[in-house]
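As written, the chain order gives the labels A, B, C and D, with residue 1 at the start of each chain.
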């Protein structure tokens, strides 16, 4: 295992110390229970937004805490959902009297822990709504399974709902908006390499030198299919094709195109992927009105990428463009 | 009919319940890499680490508390798991122990029937929390058969050690039976058909739990 | 070679097409000769700033084109300095009548090509000053060698000089400032893995599973020393120690601390490195007044990091804080 | 004294100069991987690719132009290298050919003396541009000895093919002599002592240039 770390067990705590030292002007970091909150939380009269999940996806979620996005984020151990007490403390810390939205990625652990936290918060008199993001088209959806995973759309939902909360919309409105974003966003990812969970010390899966894994999640879970390496143009077809189909995109639609790096893939490759994506969408008459390119929802040092498309309308576009001031995403201020 | 008990009593005391918890913590620590490896194949490679972190915390908490009844022992463990494990394992095993604790109530010692009932309540807690069914390739594939076998054996008057052994056998069979299954719940379900051919990590840690019971809860009985 | 690319020969062109498609509102991309310029260039009455170098260091330099930073960037082939005609065209495109500053990293190829370009631009009546950045303390400086390499300080110089140019300072003043930044900034880097130049198809060097390379540059050049892997705390001592010594930092000094990822190292590790760095500087009474953490000057998919410290004064701090609006660095607007 | 030339003329025509350039382009293409490998060891692994890209462009440009004199041939190549190669190799080999072209002037054919002088001017162009000296572990370690040997041999009246062969030998020796050197210029200098033990890629491509001269420039002579 080659990582710039000290002890595997200390990875998350030391990362949080680093974030506290680097961004102490903008965020407040609690180490136990672990959460990151806006320095000015709670913002009175504003719905609070809390997300969280396993660590190893940086900058998501901790890097998205700040004005116009999250009020707090709860980091679990690497790839392990955080616990209810973290979520409860974060929820209490950001409750400005208008209730708190939990944005939850659809993994059994995340869902169960956030459920317990919401129950505890309600016991303390805080109004909580939870929205589960499940946008990964690599996974067959069904009532009898755990359903689709939550991946790239989470980042977009956090940004857009954050803007709506700044506009002082009600908890119910922000939660509705979040469900709408979840309905309009779809993703699919792929890996060129596995990643190594620090405490495991070994790659989660092994890939041959000429193989790639299509339909991966963000936890080093193996994907749906393993196949020989292909040129970027073909990879983009494999990822964007199912996304376009699932969203039923047609001529004249406008989208936000999000090309995400998995952590070990450099920007130069992501721009090549983006170039192929825009050609594919051009060919279908779909217009990219906004884009986001970079490593925003990662899987440790995994090489690979994911593509997320969000069908836009005027409201979503306006909320996307609104100012955001976080360590991981920033514009307009 | 149950055999006569020359040792004076049969059942689960605060001490033996605590010993069970400690034995499971040790077994998890010993099998940490193996559990993580199983989880790497069809999950995200953290089940061993998570459970080890949680059970170490549970054992510490237990040592620091002076639980006067079996219910408190189990609730302490459940709360430690919920607050230290995270992932799917945390709330699920947390629910198992918390529901076991509720069912055990304030008894300083559980009879075999009492324990079998509490264990069943715990397993039902897992069902309620995770909404999985038998055959979904989860920990329930080991826990449900174990709870049933224990209840049946105790009801039939099987000796307490034998009853625990039957539960262990049922858990083992259930665990092994997860191998060919295609997962319908948990992270492994994302793999679809590719999840077949691997043993479920949660079912494996659950089997360890029942196996530890045969070694610790039967103590003091014939 | 595992990369999200099509043909190795097309990497740079396709990357530029991707950048043009993604950031066409903010930058203008010329494919032949290849350069990226501000969409509103030339800005009348403002000194133009041009940088450039081999590709593979993204977001540097092309991602730093925009208000408050570079007016144009010339991307060469991967790890190969661009050619004089690119630099000449870029210089002409951004000359707003006040002359053009060339910010050049100290590599023989970059220096020679920029020299030729400056001669050509002067022939066309454009005033050009070139400042060579040579901040890498891993390399012994000497009059008889190629001297130190230009690495992390380049990013800081581009930001700070960009702000000064927006303030309408003269070419001479901006060039002086650039030399001052170069004098106040020092860097050192390390690699956990090599990187693969697409056209070469194989890693530039081989590192054992338990080895790291200390004192690397940004082109996959082997470093000064190969040694067994060490914990992050020790690695930070090896990198920051020589930097602190070379800058002669002492109690009460203020610095900008820049922890840079080499391309394949995820943010979670960079925060751990930053945490160690702040502890080290704390121990010497040096205050981190500003920080930058992320992959800004990369070496393709290399895993590793570099540490740059820039000694700050009020002027440098103010210019660092000034608004910058580029795809790679953005705040204040 | 120079031997009589039964073939009618000795020297470098537009055709043979162009053939030399094409031969070097071929040799670079053939040795592309090898050059890149040498550059990977002590540089950044692009020398072969860069020179190949540049020489392909030079050959194309040459084919498209109808150079009437040797100077134009060399200048065309020099400009193609400057505008297509980048890196250190582009300006340095570009300067070599541009200065050779200037020295060759408008001659449609160079005598051996004329060529030796032009080549020396080209090599001095590399010195002027890169400010390296012999022993710095650069292309000059092959080019300087080759230019000197050629000048000396031609001055001594050695036959033209033999003079070229002496230049090639000098270039080869110079190239091989770079192996133990610690680099003082170029990217390899960053390695300090670790640069010793590797042959310089630029000296290797320079040796190929001189080697190609023995095969192409001697054509048409005895």
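In the analysis below, a residue touches a chain if its C-beta (ideal position, glycine included) is under 8 Å from a C-beta of that chain, and two chains touch if they have at least 3 such contacts.
Note that this is a predicted model, so its numbers are computed, not measured.
Identification of common neighbours of chain C and chain D yields an empty set. Shared contacts of chain A and chain B, meaning chains that touch the two of them, come down to nothing at all. Compared with chain B, the chain whose C-alpha mean position is the greatest distance off is D. Each chain gets a centre from the mean of its Cα atoms; for chain B and chain D, those two points are 78 Å apart.
In terms of their C-alpha centroids, the spacing between chain B and chain C amounts to 56 Å.
In terms of their C-alpha centroids, the spacing between chain A and chain C amounts to 29 Å. Judged by the touch criterion defined above, the protein chains link up one after another in an open path, with no loop closing it.
Counting only pairs that meet the touch rule, the chains in contact are A-B, A-C, C-D. Note for the complex: chain A touches chain B at residues 33, 54, 76-85, 107-109, 112-113, 115-116, 138-140, 144-146, 149, 197, 199-200, 202, 204-205, 217, 219-222, 224.
Every residue of chain A that touches chain C in the complex is listed here, in rising order: 2-7, 11, 14-15, 17-19, 21-22, 55-56, 58-59, 63, 192-193, 209, 212, 229, 231-233, 235, 263-276, 278, 288, 291, 293, 295, 298, 300-301, 303-305, 330-333.
Listing the residues of chain D that touch chain C in their complex gives 36, 40-46, 49-50, 53, 82-92, 129-130, 184-187, 189-192, 194.
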